[in-house]
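Each of the two complexes below includes chain A, the first together with chain B, the second together with chain C.
Presenting the complex of A and B:
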């Protein structure tokens, strides 16, 4: 389990153990990963975040087009596993949860513990950290050039 | 918006390739995907129609390595270029840290380029983004086509680049300008992040 900020780990850990979810991913609405449990490769995790936020964005927009409130929860049921996607507001902005679960648990349980996790996250959110102004590293451009050269084999 | 993890010293930035339909946005990402070592990139995700036109977005995560002490990752997205997909473009543009505008250099596509550039500015303004200070670079793609079919980079600068963005000539199929464009937008995004006081790089 990993998180951008450590205070997220407690509520996410409780959610995973109580709901018996296989995978859980918290992300921003622009597809940036905030925390995850169970994903092996960090880069596939990013693709999952991009797709999850895309699903929420498109279904919410579809609801708005219909004149409805944006869907807060979207479910995809597979034969063995299911996806649960839900957005929620925190003091740090709107986040999205992507949860993968199997027949070991039930949608109702996932939903109940999802709501509890949201409450715990909102309660646990610390104030925004002060800005950590640092001087632009003198070797920034050289390191960026070296990284891009390495990426493109030039 | 960039995500910065001070504990693990990681930065993740979102860059969106924008431009009219068939200008070469997906080709830029495909070239990057093909040239970058497997360990430094994730799977390229393309949500496309049956005829391979981008329907929602293409997505390519890229690991730039350690820059100024931060493990730096870029998430590259494209948008669908066709005029009628504007709702989708707005969604993909949300939270972008920088935009590469891929223009089609063919003279007959000049109006399409202008329309798409205006659409980009309208969508950024709609999201409260100040286009004067937001990182944007232009790529004049398809400069490899016969000279009588295309406008030169100087012509395209005159026609499109009234804000004085950095611009690059490109041939995304063969890779010319792709690397330079990515480097240009990377520099702008990371320097802006540093200047914003986020503490990096």
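Presenting the complex of A and C:
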């Protein structure tokens, strides 16, 4: 398990062990990875983050078109694996969780532990660093590589 | 409560010492209908009851005893009672300490037979 922000590791670790999740990914709504568990390669991770944030964006828009509140959770139940995709608000903005778990794990159980993880993440969020740095194109690649090193340890 | 199970759940919650009754989907552990005392959260009870019932069914099945008809967990402060029903549903009751468990068990088994 690896995270860009170390304070995420505690709540995510508890969630993964309690829910017996095979894969877990926390990301921002723009698809930037915050933490991951179980992903072996950066390609899978980045593709999953992009697809997960895209699904949340498109289902939220679908709900808006129908005059509903955005769907908080999108579930797919396969024969061997199930996918749970849900968004939640933190002091650092809206985040998305993508969780892959065994099909014999109850969705209700994943939801209960997910809600607890959200509460723990919100409680553990440290205050924002004072001044936001302007993101420059020249820094982008260096920051991306630093994030990948943090997420994969290389 | 406006679900079709409302009258059934209310008749159980009228029994002395009952803190809450739920109809739970066994496959995904979600609440189908609930009648709970204020302050009780149904989703954790539903999720954990469904997980428990599934594991016990695996245990009794693998030991050749068939599917369980009733689960009774007695704690220091009360009891959790689970009656598997047809259509992949569970009838779950949370009872306090001073509850006529025999009567509750009979009522739950009778209702579980009608639960579809």
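Everything below uses one rule, namely that the second predicted complex is superposed on the first by the 127 of 154 C-alpha atoms of A that agree within 3 Å, B and C clash if a C-alpha of one lies under 4 Å from a C-alpha of the other, contacts with A are read in each partner's own complex, and residues count from 1 in each chain.
FYI, contacts are C-beta pairs under 8 Å (C-beta built on N, C-alpha and C of every residue); 3 or more make two chains touch, one makes a residue touch a chain.
This is a predicted model, so every value here is computed, not measured.
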Contacts of A:79 with chain B and chain C, given as first, second, both or neither: neither
Chain A: partner with more touched residues, chain B or chain C: B
Contacts of A:109 with chain B and chain C, given as first, second, both or neither: second
First (chain B), second (chain C), both or neither touched by A:5: first
Footprint overlap on chain A, where chain B in one structure and chain C in the other make contact: none
Residues of chain A touching chain C in the complex: 77, 104, 106-109, 111-112, 115
Touching residues (chain side chain B, partner chain A) in the complex: 1, 3, 5-7, 10, 12, 14, 35-37, 40-43, 45, 47, 56-57, 59, 61-69, 72-73, 75, 77, 87-88, 91-92, 94-96, 179, 182-183, 186-187, 190-191, 194-195, 197-201
Parts of chain A lying in touch with chain B, wherever the complex brings them together: 4-6, 28-34, 41, 43-44, 46-47, 50-51, 54, 57-58, 61, 65, 129, 131-134, 136-137, 139-141, 143-148, 150-154
Residues of chain C that touch chain A when the two form their complex: 24-25, 27-31, 43-44, 46-48, 50-51, 54
